[in-house]
Structures are given as C-alpha cells and as structure tokens.
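Chain IDs A, B, C and D follow the sequence of writing; residue 1 opens each chain.
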Amino acid sequence: MKTRKFIALLLVMIMAVSCIGIQSFADDAFQAESLVLAADDDSFNVSPWSNSQGEVSNYLQNIIWTHLAIRPFTGAMIGSGMELVAAKEITKVDDLTWKVILNDNITDSKGNVITASDVKFSFDKNYELGYYAYVNNYYDSIEVVSDTELLFKTKTADEGGFESAVINTAICSQAWYESASEDEVLNNPACTGAYYVTNVQNGHSVTVTAREDYWKTGDVTTTEKQNVKTIQILCMSEDDARSIALENGEVDYAQVSYIAYDRIFRNDKNYVVYQIPKFMNAILIFNCDPSSVCSDPNVRKAVSYAVDMDQVFLLGYGNDSYQLHHDICPDVTPDYVSSWNEEDYYSRDLAKAVEYREAAGYGENELVLNFIVRAQAPQQPYVVMQQQLAEAGIVMNITTYDRAVFNTYYADNTAWDFTESGSEVTDFTANFWSRMFSEEVYGEKGSENNIHDAKLQELLKAAVATRSEEDMDAFHQYYTYDQCYAIGMYNEVNYFVARKGIVDIAKGPDNATLQAMTFTSDYKPVPLQK
Amino acid sequence: MVSIKIVMKTKKTDTSNLKPGSLKYVWRRLLKNKSAVFGLTVVVTLMVLSLLSPYICRYDYKSMDALNAYSVPTAQHLLGCDELGRDILSRVLYGARYTFIIGILSTAIAAVLGIAMGAAAGYFGGVVDSILMRFLDIFQSFPMLILAMAFCAVFGTGIDKCILALGISNISGFARLMRANILRIRNMEYVEAATSIGCPTGRIITSHVIPNAISPIIVEIAMGISRNGLASSSLSFLGLGVQQPTPEWGAMLSSARSYIRYYPHMVIIPGLFILITVLSFNLIGDAVRDILDPTLKE
Amino acid sequence: MSEEIKKPEFFSIRNLIVQYKSNEQTVYAVNGVSFDLKPGETLGLVGETGAGKTTIAKSILRILPEHAVKRMDGEVLYEGQDIFQMNDTELRRIRGHQISMIFQDPMTALNPVKRVNDQIAEGYIQHHNCTKAEAERRAEEMLELVGISADRAGEYPHQFSGGMKQRVVIAMALACSPKLLIADEPTTALDVTIQAQVLDLIKRLRDELGTSMILITHDLGVVAGICDRVAVIYAGRIIEMGTKVDVFTKPSHPYTIGLFGALPDLKKDVERLSPIEGLPPDPTALPEGCAFYPRCAHRCDKCLSYQYEPTALSDTHSILCCNPMKEGA
Amino acid sequence: MGRYVLKRLLILIPTLIAVTIIVFTLMNFVPGDPVMIALGSGTHTPAEVEAKRIAMGLDRPFMVRLMEYLKGVFLHFNFGTSLIDGTSIKYQLVTRFPNTLKIAVYSIIFTVVIGIPLGVFCAQHANSVGDRFALIITLILDSMPSFWLALLLMILFALKLHWLPSTGSGSFKYFILPTLANSLGGLAGFTRQVRASMLEVTRSDFVTTARSKGISERKVIYGHALPNALIPILTLVGMRFGGMLGGATVIEVIFSIPGIGQLLVNGINNRDSTVVTGGIVFIALTFSLIMLVTDLAYAVVDPRIKAQYTSRKKKSGEEERHHHGGHHHGEHKDSHEN
C-alpha cells in the first residue's frame, strides 16, 4: 500500500466571483441525482471534531458540519475573502477579542436549534479533544452574550490565528452530542451542514444526502450549495482499483495516478481530467548546524546548482506534470511576488556546481553528504538526484528511516546534511516563512534547520510585519541567493478524472467541493453501492 | 504342481544397505526423484547466475537509462526495463541473492531457536514444557505476517530486520515439530533402555533423540525457506521489508505495482522468479518428505 | 457330518500364487497353495510368521491392498464359482454373507468413531434388505450370543477391552450366519486367560451354526483344540497336510517334526527344547529347490533340485518332501 | 463437557492479559514518536508538538497508561481510542470484523469444498496421472505470492472481463476475487494433508474389516475411511481459519476491504499503539476461541476424545490392558510359562 498521501489542493482563481454568478438562478431542483467518488483513503470519521486526515474527512468536514466561517481560498481572511456560514457578522473588537453575531435560524438534521452556547460547547470540546493543533494554539475562550451573540477570545494576536481556529471547528448541538450514543455519533450524527449522513460502512463507504430542511435560504456559501442530491464516497487506497472502478463505471469521479491519466483518460472523450497542484510542496533544506558540512554556503550552492529539478521529476516520478517553484512557498498566496517566477533559480549548472565545490575546498568526490528520507516515500527521485550530484563530484549517501523514526533523526542536528521537506501554507507566504525560520518559534535551535543568522531574523520580522513587496523580496533574495538556506523544488500535480457531464469540480481551499460541482444534462451518474 | 523358475538374485539397489533417514540415504534417493532434481537444478543455477550477474550481464543493475524506461523485453534488454530504465534481467538475477539470503538465514534462525526450545520442552516436560507451550501458543495465535510486521514496526525495516522478523515468527513451527518428535521418541524402549543404563541426558538427546528427529526437520527447513522467501516479498510489498532501491524481488514487485496495467512485464517477471524459486524449494521439501515417510509415496 | 449329494466341491483353492511389490523388489508370499474344504469342516493353517498364512486368508475375500499386490493367480472356488473371476456385485454378495473373516488385532479392527451396534447392523442390512430397527435387534442378539450385554450396544469400541473387542468382531463376522468363517490368528493379540474364553466361544458358535472354518495360527495347542485337519505352511507352500491325528501322531516333513520338537511336552522331561536352527527364507530371494533345505536336518543332494512333487503318505496325509522321515524317527 | 469449556476459558484470561501487556509495552518502546506521526508530515512548531502530546495523553508515565488501558480492555471491553484520529477502537473492531470474518469464512468453505474431494481423489488414485497433475497445479498456486495472484485476478476478472467489481465490500460478488486470491494458495497444503490422512486410514485394519463385510466400496471410503481421516484435518481447518481471522492483510489492502488486517497495517505504519494493541488482543481472543471450538468439535467427531472430557467415573467393565510390541508377544510368554 503506498504511503498515506496527504491530499490538499490550492485554489488559484477567485472562487467567490464565479459562485455568486451561478448561484442566482439555481432553483431547488438538483442538477444531479447522485455522485459516487473513489477516495485514496481507508479510514474516516464523520464525528464532529475528529482530525482524521484522510481524503474522505477532507471532503465531508465542511459539508456535513457548519462552521462560523470558511476559507474558500488560501490567504482569505475575515473581511477579505472568507465567507460567513453560521455567523452573520464578525467584527474584530481588539487584538485578542472578536464579536460574532450568529444567524438565528440554525438547526441540525435532527431538528435541534443551534445557539451561541452550542458554539461555545463546540469550541471547548474541540479544544479538550485536542486533535487540531491550530485550535489549541489560538483558541482561548468564548463568552456567550445572548442566544445569537458571543465574544471570541484568542490566546495570541498572531495574524490568522482566529481564522485557523474558526475554520477547524465544527459546530454541533450540545444537547444532541451529550445524549447521543457513540454508535449514533459515528454512524448517524445530527449534521448542522447542508448535507446529512445517511449511511456509514466503516472503512468502506459513506453516503450523505442534501437536507431539504436546510436552515439557510439566502445567498449560500460554496459549502452550502446543494447541486447534488446524494454523494457517496468509496474508500479505495489502491491506484489501480480507482482507475479500474472509473473504467468499469463503478464511480463518477476519482483521483488517478499519472500513468493511468497518460495511458487511459487523457484522450478518452467521455472523461474530463483536472490537474490540481498538490497541497504539500517539496523543498530542499540544508542543515546549517556547525557540525554539518552544509553550514558552508558554498556547499549549499554547489548542491543546488548540481541538482536538475526537471530530470529529478521526469525520471523520478515518471511524469511531466509539476510546477517548479521559485520560493520555498508555493505561488498561491496574495503576498507571493510573481516576479520571482521569472528569476534564473538554481537551474542546473555543472560548472557553477564544481566551482562552488572547489570554493568550499573539496576535490573530486571528497565532498560527502548524508541525505535522509522516509522509507515509505518513493525513492526514485532521490536515486536520480544521487546520480546528478555524482556527475558534479559530490557524493550523496541516501539513508532511509521508517516514517515514524524519521522525525527523531531530523530533529538531531548531527544526523543529516540535507533532506527534502515541505509544509502546509495556510494563509500568507510571510507566515509560512516564519514557521520555518523564526527564532521565536524555534528558540535556541534557531530555525527548522538550525540557522543562527541575525540578519535573517531582522529581514523576516520586516517581511512578516508589512508583507510589502520589497520587504518580501529582500528576505527572499537573502535566504535564497545569498545564503541558499533552502530552495523550493517542485509541486506535484494530482490528476482527478470525472465522467462526462461534470463541467466544473469547484475547487475548495484544499479539495474539490463536491456538492458545488456543476453538471450538464448528459451526466449519467453510476448506481449507488448498497 | 507348477514349478517355480529359479529366482535370480536381483542387483541389490545401493540404498537398501543405508540406514533409512541417514543423510546419505536421503541424498541418494533424492537424486532419483525427477521433481526434486528439477528443484535442485533451478536453485543452483539461480544462485550461480546471481553471483555471476555483475560480470555476465550487459548492464549494471543500478545504471539508469531514461530513454528506454518501461521498455518491453527487447533484444538489448532481454527482460525489459523498469520505470527508471534499469535493466530488469540484471536486477532480477542480482536480486536472487536477497531472496535466498533472507529465506535461508531466517529459516536457520527459526530452526536453531525452535529446536532448542522444542527439545527442552519435550525432554524436560513439566513446568518447562507448559511455560514454553504457553509462550508458543501466544506466538501461534498471530498469523506469521502480522507478527513479522509488528516486529518490523518495532525494530525498523531493512534486510537484517526482515531476516530477524521472519526467523522469530517461524520458531513455533520448529519447536512444535521437535517437541512432538521428542515426546514420540522419548518413550520408545531404546531411549528408556539408554537412560536405564545411566548414560547422561545430554548424550541421549544428541545421540538418540536428535538423529531420529532430523528427518522431519529437514522437510520443515526446505518448506521454511520457501515460506520465508514468499513472506519476505509480502513484507517488502507492504513496505516493511527490504527497501528500494535494493533489487529484492518483493520490493521490485511493490514498486512496479502501480504500472501493472500498463507495463505488466515489470510485475510479471519478478513474480515469476519468486514463483520458480519457491516452487523449487517446495519440490525439494516434498521429495525429502516422501523419502522419509514412505507411506505417502506408495 | 452327513454325506453331501454330488454337488460341486464346497470350497477349494487351486494353485494360489500371490506376489507383492515393495520399492523395486518382489515378495514371493504365496507360491502355489491348493486345498479343499468340506462343509462344517475346520482346517488349521499353521506356520511361522511371514510364511504367507494371512496373505492366503485375505486373498480368499480379495481384500489384499491393491497398490501392493504385483501378481495374484490361481482359483478360489466357492460352490463351484471362482471368486477371482467374480465382478464386484457378485463378490460383495459373498463377502460377509457366505464367507466372513475375523482379524488378528482387535484393537484396530473396529472403526473407532462408529458405535458397536451400527458396525454390526451395517453388515446385516447389506445382505438382508430389512429395516434399521430389525438390523439393530439382530446386532443386539449377536452381542448377547458372544457374551456382551445388549445395553452396551450403543457404546464405542474404545470403551471395550481387547477381549471384548474381539467378541464384537466375532459377532460382526457371524451376523449373517456365513457358511465359511476365516479366523486369522483371532487370539494372538489377547492374554492367555482371555484367549481360552474366545476360543471356546468360536468353537461353540461353529458347532451351533455349522459353519466351516479356516483357522490361521502359529500355536499348535490351538490347532489341537479346534481343527479337524491341519496344513503346515512354509515359505508360501503347504509342505504337509492331513487330519489332526495324521499330523500330530505321524509328522513326516522335517519342518513339521522340527515344529513339534520345539514344543515342550509334559510327558518328557527334556533339559532343552530343540528349536529349528536358522531363520525362515527371505521371501524376496527364495533358494533353489526345497526352501527348507538350509535348515533341514534330514536334507540330501536330491533336495537341491527338488521340483515340489507332492508325496501322498495316505489318502488323507501328504507332504512336499523328496526325502520324507520314517515314522517315529 | 461444560466444566472443561469453563476451564479452557479461564486459562484464556491470563494469556490475553499477558499478550496485552507484551504488545502494549513493545509498541510503547517502539522508536519513533506517535505525536509526530499524529501531526503528520511538514514542519510543526515545538509548541504544537507539546500541545498534541498532552492531548494524546502521552505525557503520563507508562505504568499509569498501561494500567488504565488494561482496566479499560478487561473491565469495560473498551480498547480506548486511536491516537491518530480519536475514533474508538472498539467501534473500528466491531465494524471491521464482519469483513474479515466474511473473507475467512468464504475462504475456508472454498478450501474445504475443493480441498477434501480433491484430497480423497488423489488418495484413491495415488500416483496416477490425475494425482500428480492435481498436486503440481496446487503446488504452483502455493508458490505464488498471494498479492501477485490477487493483482492478476483483479486485472483479469475486474478489468478485462468486467465480470466482478474490482474492490469494495458490499454483497457476495465483492468477495469472490478476494476469496480466490486468499485460499487458492493454501489449497496445496490442505489437499496434501487430506491425501496423506486418507492414504493412512485406507491402509488401516478397520477399513479392511469394513470391506470384508461386503459393503460397497463407496460406503467403505465415505462411510468409514473419510470420517476417521477428517479428524486430523479438523485441527488444520481450525488453525487455518484462526489464522485468516488475523486478517488476510495483503488481500484486504489490495481489494480495499476494511478488515482487521488493514486496521493493523495502518496501526503499525502510524505507530498507533492503542490500535495495534487492540487489534492484536482481538485477534488473540478470536484465535483462542476458534481453537477452543475446534477442540470441542474434535470431541463431537471423535468419541475417544469425548471420553476424556466427560467425568472419569464411568469406566469400561474390564480393566484395560495396553498391548505392546508385535503379535509374538502372547505366544512367546505363553510357551515359557507352562
């Protein structure tokens, strides 16, 4: 079974505009009777605050549970792009408190009315279970003012903290949750979202149906659109199984491997293929601890010039669909400077690689680097990199560690020289940088890769504070070209295949918003599985 | 009265003067069994080819060649290439050694530990026996693969861990076999006679008990090697055994799995080699069992 | 025993030859045995182990293990019909109904997982299409006949002792009151005290039902007690046959004499018994000429080229020896 | 009989407790930090790691967690919750077990329905062409890696012929391919065992006795020989069925069938010690129960065994004598005594 891939998608175009345009004429008749989809997952949990990171939970979390507000695209903030769902109005009182006015007609699929005290219960319960790191970092408490008004207190004034807590906390009725049996919570919950759960077969399939009695009627956010009557998600963790299911007419929509896309679906007209960049970027990060060879910038630059990203991807993953990115943060956030993409960014240059290697004082094959990697990850890309470094006279030893053991070695400053890493970008590039390099976060470790560089910290503070173009560019130039602490590699692209008749798969911040898909008349759904 | 023609003395076949169960007897009879000979030749040729593969194969098993990645078997690459353009023939031949090493070493570990445990439990009986048996029951209650997986989870992946995992999860087979044999032999008269004339227990075990128990052990070893060869490929398939880029057959199969529909040769070829090797060991094991347990063969 | 009107011979074996094959070697078990049997008569087959006695018995009912039998020739005539030529249905009509058998080791002769009465009733139903209840009743009757109380009919073989099991085997064999009973060393595996009881039982039932019997044993004492005629078997051949009186009083073949010599006799106080030297011949490599030559105290050169022509000593007594002992020697 | 069952169940408890302690301890001292696993890949600030550790309760000392876990499992049959996503393990086990049970039951039925007649056929026609051919075919199937066989079956029947669904676990037709892949391999061993057992039984005396009673050959083979030959096979079926309940892991992974095997593979990969411990204890429990049922079935099939279970008081009339050695014994002793 492949490693458990963490599926996340970045929306590039502005969703809000298009959805308003379409929504105006959608009558209550459904565009499609049903949608069956195969997910690369084998365990899910429909209860409100479970943090199962699988593809199924990703799809369902916002559809069956309402949230105060949702983030339709990366970087959306309250007042600039975020859509209010349960909340009618959110205003910031001061750095640590926010006033939230709720809609007054919120009900769940079992008829319980949702009030401010239910919202408080939901946040407290989520905090207590502690499955969401963001919620535990930023949520402090909620003060209930009236049935439809509450004051939300955050722990820190960090930008985006409130938003992270809000988008990760499902809201459900306290009365129902405390009285429901474990079986009911897991199989037949009282859903507050636009859809409710009708059938669960643990580990195999889950079916949700649009709620006729959904409480919101006016302008509806993307997660509340009801274009499809019934959605069924089947768990198929085998690549082949999903592509076979598509061809056999067992499912309408599924993610497939590049090879299946290239050989079967690319030129088959009764399928539509969508290429969505993978949420998790890939970056090459150097260990700047004095104990490592890579503390010398020349070594870092030699390696960066020796690696040819195109070859690594073409041969390593065997497909040509990827986006090279010119910063360690993918180009999906508002504060990303698009001019970076035109820079000549460490594309392969053997002469420079050798030149920097000699500048660092190493002859042919004298420079030996230890590259650590998770055993479960596909090894081919690193084998290709090894070959390329060898051509520049640099010896790269690949050490594989079991996934669970990997982090302990990654945290040990003396155990590695360079490796591939990556992280979630939630709102802004500046925040993404600070999670990697800011000293406040890492204390005396300095940064994720043990950097102790005052200038770096100074430039970082400026960029985070203003997010102006020249501050962002100053930090980018310094850490990439002057010091080469870490370089962006590529963003894998995932392939989603939909049957003919599915016009647009309505991409959400990190996944397709299933019930907001648009269908044409010649969409013939496959039968639901019993 | 019909006169009976004079009966010629038939040439004494050379095995009848050997003590049934002795190794020479088994070896001589083995050579007469067609399927066993087939099994032996396959095993030996694979071992030799594997050792010679770096020299006789046109391509090194590690060198990549982007141009004919996934290539189907051609004149150049007799068995085609894998997703990185590496020659499958040289990888498969070179990789044979891993299956043998893992199969043989893990069975050896299991045999040594298993026999010691079984002998102790069988011979001393009483408390020792029940403790060991309870211990084996616990082992027995897990399927071998789950036990090996848990072991890899605890001690990590890689060839050495894989060998240890398979070795330890096979102990109970040998232990039970040895214990059953010892119990059967122990109350045979000649062992009672030996103890009655006061010869030390150690010598009894080595001179009387083990030689007689050796025959079923040989069968279990042959079967163990084939079972472990198969299990190591399953472990690598689940990502817990041998890691890439080592050309172990199971790992090759696992990495080629997502291409099975488009480039089936990448999956079929290693699978076939696993099949042939395991089949050969099974044939050898069967033949040895039939020789040592005549009722089966007649 | 009343004289029969001219009917085909009740039972006779003509020139029976049986050879086994075991890993490339041939075992010459029975090398030409012939004898007849009159209704109600009991013939004792006596000989050392491996002389071929059991093979003869089992070949009558053709229940030798097929995979091991290499060659089986000769005729076994029962009321004129040759059993060897019979097809399966005819053979099954004979087995258990006309001719039935008692086996040597009672411990393994009974099916351990079937109740005793079922095993007896099964044979009975096969030959008399009657209801199960009738067969059960018959089974209980037979158990009473052999001295086992009917209330134990529902028990399993492991709940009976060796002797009791043999009684069940006897009950099973006699359930359909066969005309010929073959008893293959019925008491050998039992203890002395039980042996006597079982032998009396067999004798009583034989007289009551008028069954003729072929009793196989290596115990001359048993033969003396039950048999009318005696046949001594050596290396797959009957080397001496005659009435009990002929053989016991005038043993003529050196081997038979040797057998009696090996028996302790209360009347004579003999220091040492005189056993026959040497061992029985290897059945896979029989010597030329008389098989007893190597061990015969009375051998001569003629024996080497002896072609086994029988010598009749009287109308009821014959031997296979070219140099018969004089009487009383 | 009841007393015996009770005794066996009582012995089960300490074994299971021992298993739980061993596995929980093993999984606890496994290298690698479940907190980092739970957080998933990517960078995590030390503060987040600490918050997560507290939430997962991993900050409490080991002994406390062990005692709490034992109390939970054996007093309230509550296996705790998964460290990763908090679903209760009892729920996972209860919902996933039917799928594993289905595969195990269908596979056992397939093995028995095909294996026994094939074994009997091979025994009756020992060393004939049919016998050799059947053995070679099953041997080849036995030597095939099960996942390779599973993939080939999936491609052939699911894609090329469109006869069967490729994955999922709905009605019976979803289980045909997994059952084939899971049991074809084991057929060789099973058939060989039946053949050996049949050969041994058909050579025993009571079969000859049965034949001598004149009953039909078919009745001799199926009425007398087979019941006795199946007794040792019963243990084999029990062992194999118990093994399968551990989840045909590879089969469940390939056919995406949410069974116990898949749960264990995920648990082991994620270092989710509560899931792995719960899964293994559950398998140990089911396996021991299967073994108990097999032993009881043994007694039903073989009256000799049943006698050991029922109370000792009812002993057969005559004192039982056990006979040693060859049949010479009686005569030899006899001639010396008088």
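Assume contacts are C-beta pairs under 8 Å (C-beta built on N, C-alpha and C of every residue); 3 or more make two chains touch, one makes a residue touch a chain.
Quick caveat: nothing in here was measured; it's all calculated off a predicted structure.
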Please state which pair of chains has more C-beta contact pairs than any other pair. A-D
Indicate, using Cα centroids, the chain positioned nearest the centre of all protein chains shown. D
Report the inter-centroid distance (CA atoms only) between chain B and chain D in whole Å. 22
Take the average of all CA coordinates in chain A, do the same for chain B, and state the distance between these two points in whole angstrom. 47
Could you please state the distance in Å, as a whole number, between where the Cα atoms of chain C are centred and where those of chain D are centred? 50
Interchain centroid distance [CA atoms averaged], chain A/chain C, Å: 91
By the touch rule stated above, which residues of chain B touch at least two different other chains? 153, 156, 238-239, 257, 260-261, 298
What residues in chain D touch two or more of the other chains? 30-31, 126, 151, 155, 159, 203, 253, 265, 269, 271
Can you list the chain A residues in contact with two or more other chains? 1, 240, 244, 376, 402, 405
Which bits of chain B are touching chain A when the two form their complex? 64, 66, 69-70, 83-85, 153, 156-157, 238-239, 243-245, 255, 257-262
Where on chain A is chain D touching in the complex? 1, 4, 6, 42-43, 45, 47, 49-53, 57, 129-131, 133, 136-137, 182-183, 186, 201-205, 234-238, 240-241, 244-245, 247-248, 250, 280, 374, 376, 402-408, 421-424, 435-436, 441-443, 448, 529-530
Contacts from chain D onto chain A in the complex sit at residues 30-34, 36-37, 39-48, 51-52, 54-56, 84-88, 91-92, 95-96, 99, 151, 154-155, 158-159, 162, 165-171, 253-259, 262-263, 265-266, 269-271
Per the touch rule above, chain C residues touching chain D in the complex are 49, 58, 61, 63, 65, 67, 88, 92-97, 100-101, 103-105, 107-114, 122-123, 126-127, 155-156, 158-164, 169, 172, 185, 187-192, 195, 218-219, 263-264
In their shared complex, chain D is touched by residues of chain B numbered 134, 137-138, 140-143, 145-146, 149-150, 152-154, 156, 226, 230, 233-234, 237-240, 250, 253, 257, 260-261, 264, 267, 271, 274-276, 278-279, 282-283, 286, 295-298
